[in-house]
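Have a look at the structure below, then the notes.
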Amino acid sequence: MQNRLLASIASLAIASIALAQGSLKIVSSLPRTGSANAQTTSMVNGIKMAIDEVGGKVDGMAIEYEDMDDASPQRGNWDPAVEAQNANKALADEKVIGYIGTYNSGAAKISMPVLNKAGLVMISPGNTYPGLTKPGTGEANEPRIYRPSGKINYFRVVPTDDLQGTVAADWTKEMGCKTVYLLDDRELYGKGIADVFEKHAKEIGLKVLGREGIDSKASNYKALANKIKAAKPDLVYYGGTTQTNAGQIAKDLRSVGVEAKFMVPDGCFEKAFIEAAGAANLNGKTFVTFGGLPADQLTGRGAEFRKAYMAKYNTDPEAYALYGYECGRVLLDAIKRAKTKDRAAILAAVAATKDFDGALGTWSFDANGDTTSKIMSGQTVENGDFKFVKVLGK
Amino acid sequence: MHILHHLAAAVPLALAASTDAPEAASWVDPLLQQLVTGLSNGMIIALIAIGYTMVYGIIELINFAHGDLCTLGAFLALTIAGALGVEAWGGLGGASGVVILLLASAVFCAGLNWTIDYVVYRPLRNAPKLTLLVSAIGCSFILVNVALFWGGLPMGVFGGGVAAAAPKDFPGLVSDDNLLPAAWHVTFTASDLLVVSVTLPLMVALTVLVRYTKLGKAMRAVAQNPTAASLMGIDVDRVIGSTFLIGGALGGFASVIYALYNNTISFQMGYRTGMDAFTAAVLGGIGSMPGAVVGGLVIGLVRALSDGYLEARWTNSVVFGILILTLVFRPSGLLGAKLRDKV
Amino acid sequence: MLLLAAAVVLGIIDGPLKLGLVDPMRGVLIFALLGLGLNIVTGFTGLLHLGMAAFMAIGAYAFAISTCDIYPFQLGFWPALGVTAVAGALAGFLLGAPTLGLRGDYLAIVTLGFGEIAQDVLKNLDAITKGTQGINPLPPPSLPLFGEFGSSPAPWYWLFLAITVLAVFACRNLERSRTGRAWLAVREDELAASCMGIAPIPVKMYAFATGAALAAIAGGMWASLYASTGEPGNYDFQISILALCIVIVGGMGSINGVLVGALAMIGVANIALPKLASWLQQKGVVNASNVLGSPNNWKYLVFGLVLVVMMRVRPDGLLPARLERRKAGGSA
């Protein structure tokens, strides 16, 4: 920590000369093609708002922003080739001093080592897979493999799934459920969080009646729902996102007549999920966890963000808009503190972020690059809209 | 058709068993339920598979765009449902709403399919087969994008145009209440009934068309040998166009049934559905219409049973494994004609 | 030859001129190799193959298992690539053996089935394949002239170019060899070929296995480039479709055609479209609130239109094989 501060001060001294007129560039790499578009549009809006808030400049240097797409038409989802290209493109452009990305944890695995070797700071508004930053939570060689240079360049403003999955299981037990049936979409995020849920559920005495990995492209899950109905669980947990068909699962559970409650993680915390599932299928029986607070519960700076977003875009911000905004703000704040265009200094300044006056409250980056903010919330669905229930964890 | 006959005989027996002997019922009920689910899904696949097999039979093209055509049919149905406010019509009104959607979608898909043939495939009649295939792939991509844009319409049913790419909820015009008495322990809903009551007559009508009408005869002639058929005075292009028209209409019907059964549509829904339907067509013997039906039912059943009794994560492999095994032992598919080498 | 010269020139001038093209060109080369593999199966031998992605996946995972430090093998780049090729060929033999007796489109769907089954196997057997994590990290290649590869795209480019040149060389030799002629004979008329004494099944197996080996090498290159196999979901049907488009758009059976096809297809999808999108964004034409306003949402349409138009305008491909042979003076 001290070394980083010293580095910042040193570069401050040297770089006050380097503070030329010129512009700096922030890039984001998010899946803009395909079904994640709605979520990432709100994140991009959040980033733009953060930049607009400071008037598009920091200390006389103009801030440019480029919204890069890491998805490709043939995949309809994030594409490793495109993500790698984005990372290299960002590195090659000298104006780029920060990389906001990615949304999918699988995509982050591609660009993290590349950016790490070159020392460009990377802040994610959406990766929640714990192995990216926390040793011992993923594979044996994670996160060392993402830091080939030995130093940390990757940060995230969202709490990780090892927290979210755990509090989800706790909440399930609190609701009085005794048996659960687990589903996951067999992807990095969904399977990861379902694994965490399963592990903790067993620890606290919930009985896991079954665990199935689904095909996220199937047209319906009625046969699977028939099976679940026969097992009669108190709650069905699906580790996945709206894009991996969470809505259809909810629908088919209800149409087949499964009475159990349904719980999903924050990959489903968006209006598109309610639309996809049909409000009638969710009302009163569905619960969503989220690593943060929903828009209407925000206070202070968060509430201001929400008001400004509504004024500008005529709609409530989605869950992740806030994280996009926060990433933008952290980066801009770091530029201001570093007072220089130098990538290494800005990286150091980001790492030194302490007691940041964020939209989610005050938080810092810890030694792994994770946020110290551990606020989790639980929502339910009522009258076709999300309704905040309570803060989870603590 | 024979299989259905046997099943129709077996179901009441099994149901009787389930009501009489509660101990035996414990495995019978879930099985019956999965069979019902499997058959309903299978019929939808079968209907789409017929579209694939018809086009293949006549010009040897794997019409990759067919699944995405059905996607557009479903989007049209949703648009009309939203515009007319069909959801608010109750009872008989709901039924007539369904009929309107079925007809509208069928007409639309028929016309669209015919147009695609006219614009894209007709100029390539003499081109290599694979050129045609790549064109079909191109059409598939174009249709997917059109569906993406369509989903961005600022209409209530499309979520106000905010999330163009997200899956869309289709109004539940057909109820999910069990039509059977509770004592039978099996759920057969109005959606299942809809699937059966639309697909069966359509298949019968199609069989009649192909076997007994002049057009059907012309289609069979062109499928067998286009040159000879044209020498016999058959307008080959017109017949091919009609095939696309009919295949498209079937696809249109299938898309509405699909939408009502699954209650969801999305711009990428053609992917899995199309793949299943194409697999069904091949499984049954490509070019054979009864084959497509049998193939569809088999795939629907295999999926349901695999999800129910094996693990859902292996279901795709099971489906293709069965396909490969079948083809190894019956190289022309279940009902396919043995292809003779033309010397 | 011309293409090789152009590629070499590009590699030399890209750095100083800051074209930024060498980076995506590495992807083009990987798909060129995949295309060459498919070209042998579909182009030369006439077998429609819709499951190239499966063999690419096998190659990627074979490469990863051979090099990653969580397994005991830990081979170098070239030995690992060799293992990859062998694994691909073996898979091609094993999967081809029971199925190559099938006709045309039945075989096509069986190969499609391989692709789907491979996906499931890779996702589900996560004890070996690490499921959706993919196997990572993989050490970068270390070559005598360049040392260990860093983040600069240039050494990768030269390495991949070298592999591509070797592959093209091998394909050309195969094309002109007895085996190659047998492949063409089987494609043109299987019955006549068997009357001439060519046993179709072994010939097809050879083609299948060779195509699989090339696809596997492409997979190994991919894994090496991204230092990870990535998710099994990366090797899906879309990749097989892309390979097919490359071969057909480029010119079925034509090696140069495949190279040009790879350039065209991947160039459009990964170079031209993103550049266009970011240019439009800079001009402020983008309007995020309307689905029509974002260039990203037009990608499918443009890709599809390119395919349809290409097939209409040049149904035999950009560089058809027949044209090539005519240029070369007539001998096949």
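In this document, chain identifiers A, B and C correspond to the written order of the chains, with residue numbering beginning at 1 in each.
Here is the rule we go by: contacts are C-beta pairs under 8 Å (C-beta built on N, C-alpha and C of every residue); 3 or more make two chains touch, one makes a residue touch a chain.
Nothing here was measured: the structure is a model prediction, and the numbers come from that model.
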| item | value |
| --- | --- |
| Topology of the chain contact graph, where touching chains are joined (line, ring, star, complete, other) | complete |
| Comparison of B-C and A-C by number of C-beta pairs in contact, larger one | B-C |
| Gap in Å, rounded to a whole number, between the CA centres of subunit B and subunit A | 38 |
| Subunit A-subunit C separation of Cα centroids, rounded to whole Å | 33 |
| Sequence positions of subunit A contacting 2 or more other chains | 37, 73, 76, 186, 213 |
| Shared interface positions of subunit C, touching two or more other chains | 123-124, 241, 297, 299-300, 303 |
| Where subunit B touches two or more other chains, by residue | 141, 164-165, 313, 316 |
| Subunit A to subunit C touching residues, read off their complex | 32-33, 37, 41, 44-45, 66-69, 71-77, 80-82, 84-85, 88-89, 91-92, 106, 109-110, 113-114, 117-118, 131, 138-141, 145, 148, 186-188, 191, 213, 313 |
| For the subunit C and subunit B complex, residues of the former touching the latter | 42, 48, 98-99, 101-103, 105-106, 108-110, 112-114, 116-117, 119-121, 123-124, 191, 237, 241, 244-245, 248-249, 252, 290-292, 297-301, 303-308, 310-312, 315-316 |
| Contacting residues of subunit C [partner subunit A, same complex] | 18, 20, 23-24, 27, 69-70, 123-124, 130-134, 136-137, 150-151, 153, 225-228, 230-231, 233-234, 236, 238-239, 241-242, 269-270, 273-274, 277-278, 281, 288-289, 294, 296-297, 299-300, 302-303 |
| Residues of subunit B that touch subunit A when the two form their complex | 30, 33-34, 37-38, 41, 141, 159, 162-169, 172, 176, 178, 187, 189, 191, 258, 261-264, 266, 268-269, 271-273, 303-308, 311-313, 315-316 |
| Complex contacts: residues of subunit B adjacent to subunit C | 56, 60, 62, 120, 123-124, 127-128, 130-135, 137-146, 148-149, 151-152, 161, 164-165, 275, 278-279, 282, 286, 313-314, 316-317, 320-321, 323-324, 327-328, 331-333, 339, 341, 343 |
